[in-house]
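Single-structure report; data block below.
First chain written, first letter: the chains are A, B, C and D, and each begins at residue 1.
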Amino acid sequence: MRQIFASLWFALHSAGQNFRRNLGVSLAGVFTMGLIIFLVGGSLLFTHSVDTVLQGQEQNASHLKIYLSDNASLAAITNFESRLKTDPRVISVTFETKDQAAHQASQNPDIASALNVLGSNPLPASLNLNVRKLTDLSQFNAEAKATPIVDSTTPTDYNSDVISKLNTVITVIEWVGAIIAIILLTISIVIIMNTIRTAVYSRRTEIEIMKLVGATDWFVRWPFILEGMLGGLLAAIFSGAVVFGAYRLFVQAAQGNLLSVPFDVRYTVTLLIVLLVGGVAVGAFGSFLGVRRFLSA
Amino acid sequence: MRQIFASLWFALHSAGQNFRRNLGVSLAGVFTMGLIIFLVGGSLLFTHSVDTVLQGQEQNASHLKIYLSDNASLAAITNFESRLKTDPRVISVTFETKDQAAHQASQNPDIASALNVLGSNPLPASLNLNVRKLTDLSQFNAEAKATPIVDSTTPTDYNSDVISKLNTVITVIEWVGAIIAIILLTISIVIIMNTIRTAVYSRRTEIEIMKLVGATDWFVRWPFILEGMLGGLLAAIFSGAVVFGAYRLFVQAAQGNLLSVPFDVRYTVTLLIVLLVGGVAVGAFGSFLGVRRFLSA
Amino acid sequence: MSVAVAERSSAPPQHALRPVISFHGVSKVYPNGTEALRDVDLAIHQGDFCFLVGPSGAGKSTLVRLLIRDEAPSTGRIFIDGQEVSRMSHRKLPKLRRKFGIVFQDYKLLTRRTVAQNVAFALQVTRPGQRHLREKVEEVLWIVGLEDKLDKFPDELSGGEQQRVAIARALVHRPRIFLADEPTGNLDPDTSWGIVQLLLQINHRGTTVLMATHNREVVDLVRRRVIAIDNGRVVRDEAEGSYLREGTATL
Amino acid sequence: MSVAVAERSSAPPQHALRPVISFHGVSKVYPNGTEALRDVDLAIHQGDFCFLVGPSGAGKSTLVRLLIRDEAPSTGRIFIDGQEVSRMSHRKLPKLRRKFGIVFQDYKLLTRRTVAQNVAFALQVTRPGQRHLREKVEEVLWIVGLEDKLDKFPDELSGGEQQRVAIARALVHRPRIFLADEPTGNLDPDTSWGIVQLLLQINHRGTTVLMATHNREVVDLVRRRVIAIDNGRVVRDEAEGSYLREGTATL
């Protein structure tokens, strides 16, 4: 028992001391790790934000207005409406009568006066469709056009061209985002390993001496691993704080502009915890690997 | 003269030898640098591609169809058209008569039969506007609506909501892309400096001994700088090749899909040259700084 | 002379006991092709005091390195306490090495630990949880005359002071076998003599001592077992030897 | 004995010339507070052969370090060839150091260069563009007996072999002043004596030699100038001294 505590205390003490005495290299390592954690954390938060915003956009953009011909029977309309409502791809359907359409349009004074002059109401009734996925819009559009009760002159109102472009852009961004995140993570891990390995390399003589004096592998390893964990912790705290600050600034800046990015507290807290744990784990594992090379020699 | 050549040869020879003898640390450094150059090069190429695509998108999306009322005089229309044509924000304006509109619409057999049944042509004539910048669309839209010759029931055809959203997305992406590029570059430089500094740190005794034997600062420095350049060159070649390959794959993959990304040869070649020169320069400068600390001690 | 032999209980040839250290036909060829030891047979018993002498490059340090399994022999077998070192698994090495107190020819001090920490390290490794650590460290450093250098770092010491730290580290855990590779090379004659007296003392208390040295004066005055190596071979092994073969001219 | 003095042209006191090396009231306090040298006055003339003796930690290596301006003195002034070393700018240090051939107490070999490259390095630094580099390197390594170790790395050598590489490196460019800090600590008496003969030879050809040593045998046999330091002070400076003050008991 005493022995275990003594070894533990020794490991902790050496780790702290080594960290301080080798401050230059330690800080370089912490800095590199910190920057990478910042990069990973930042890109995760950014992707998350963009995703949130785009999902909002998609929902906004996924409207389809189906104009109904004036001589469609109410029964046919109700029938069509309920068919759409039961479709799993549809979020909501609302019916807009000719009167409602006129009322809506009359908010523009020019149109109001035009309607007044005209006497009758030329505006068609419509079904306003809100679908889950942007990609389904064109299908609904085609379907609507083929339905007899739909106004044949101006059957639907949606800018298929722009929407499909927006759609592609979103898909590409999400796809590329995922790829970039993976690449970034791989690169980060390799760089951190290299950094720690190089740092440990400059202390291979130390390891060799310890072993020659009779230290077990674990006795040699522990201080290095604890040192790595300390470095990882510092790096994670430092970069976590920066990421958090940057995210808040970003959200605030976005608020003032057209886009409103929600401040996702739960995601942020989870992310910060993941960064902390990840930093400590990578520091520990990196040191473990770094030392291993010189232990087995 | 002999002395200079001898020194130069010595520096070159040592650089190569040190690189080989210290292969572990050298390769770790080259790998880190390579990954970072890959990151920077890749993100530059990617940003460029997205930019190219989005610029194309913007031009595609920046159409505005202005419907003209049936009782507009030809003179008034010509007047309006020429006014639009002289506007610097406009790329092109084309006039579509009622007949052309009917002809266009008749490509859809349903509409063709409907028109047939109807006997008369309810479709309005229109001016098709192509503007340079997406952001100008809403202005033209408002302008058109205020013009008396424009059809008051359906004055224009453009999905203002989607377009403005697309527009914001593009702006945000470009902005954020620039910020990310700057952050990435800063981080890269810091990491590379740290990597080289740590590598040089493990050789501080060597530097100290050289100085004690009477070597000048430059005599000590040159091999390190050449070694750094060699490392930077290798890293740049390796990552340049990967970036180039990835870009080709990306372009090919995109070709098959909706988006067609052009393979920009000139930009690519320039980029590869910049990466090579940058890699060598950063390697040299990093070593210079790394060695300096131990020389002035 | 035979009287002197009778007085000392540790003269090697008479032992019936199993030797602490034994070499059987050991050769060592380094990876670069250098033959450092050739067909060495050797037996050292508990409580022996041996000098290892021989010209520069003879193979003395190699012999020490083989003992602690810093290097493995190319052929032959080495036993310590009956255990075959040459075939020992890596996991057992720490335990083997803790039996020894070793002074390396190049000291091998931990440059980023103070003198006291360097010495304490050996104690922590060999006897984890040891009480009165600081006292023991201070005591042994006082013995080698470094009581005022406790908190200095190795590169703040003179060559001889570093060497004495290495000696203190090898002594602190009272090892059963004390190996010293040229432990007085950077010490003045007085200090050297003090160290040798110390080794004679611990040997008197039962510690086996093997000391590689070039110090002719010491070897000739102490008159203990001398193993002479030349060009990798044991060329002489005398119970009460001198630095050179008796009768050879000096200088 | 006065006959012997008359035979040697380099006995110091008679010089009218400016000394090659001179210390004026030099003290050195290391950053950690250790007083390594106290008020040292010293003059060494061209062609002198001096031993620097004194117990471990006396300040010998510190004196050597001050000479090549590896350390700066805390007070006092040091001149070499009339130039004040203690106030020399950093840019002039390489030129100063090339005047010396130095054997460091801890050798300071470049671990990632072979023996031949280590020696060649000193030559390339001091005489860039030197012809017959390889021949000169081989010759000097032959002199110290390492002709078969040319392409080995320092950590493939024995302690004494490393020390001889350090000696070869200090000799190869035929320096005007030869400084050796305990150059025979890891060498057997025969090899040591060979090195000392070599130093006497180069001294005979005009090189100034300053050698810090603990080797009493050598000092007492060579009988040249002996500067004894103790606790940072010069306590003795005799033209034909011995290791200990004459009449002091040995051991």
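Operating definition for what follows: a residue touches a chain if its C-beta (ideal position, glycine included) is under 8 Å from a C-beta of that chain, and two chains touch if they have at least 3 such contacts.
Since this is a predicted model, take the numbers as computed values, not measurements.
Contact with both chain A and chain B is made by no chain of the assembly. Under the touch definition stated at the top, chain B and chain D share no contacting partner at all.
Most remote from chain C, judged by the distance between CA-atom centroids, is B.
Centre-to-centre separation of chain C and chain D, using mean CA positions: 30 Å.
Computed from the mean C-alpha positions, the centre of chain A lies at a distance of 68 Å from the centre of chain D. Separation between the centroids of chain A and chain C, computed from CA atoms only, is 64 Å. Under the contact definition stated at the top, not a single residue of chain A touches 2 or more other chains. Multi-chain contact residues of chain D (touching two or more other chains): none found.
Interchain contacts close the chains into one ring where each touches exactly two others, per the touch definition above. Contact annotation for chain pairs lists A-B, A-C, B-D, C-D, with touch applied as defined. Listed in rising order, the residues of chain D touching chain C in the complex are 30, 32, 34, 53-58, 60-62, 105-106, 152, 156-161, 163-164, 181-182, 185-193, 214, 216-217, 221, 243, 250-251.
Residue ranges on chain D touching chain B, taken from their complex, read 68, 70, 90, 93-98, 100, 102, 104, 108-113, 121-122, 124-126, 128-130, 169.
Chain contact summary for the complex, chain B toward chain D: residues 2-7, 10, 17-18, 21-22, 206, 208-217, 219, 296.
Against chain B, the residues of chain A that register as touching in their complex are 24-25, 28-29, 31-32, 35-36, 38-39, 42, 46, 54, 57, 60-61, 110-111, 114, 122-123, 145-146, 152-154, 158-159, 161-166, 168-169, 172-173, 176, 183-184, 187, 190-191, 194-195, 197-199, 201-202, 257-259.
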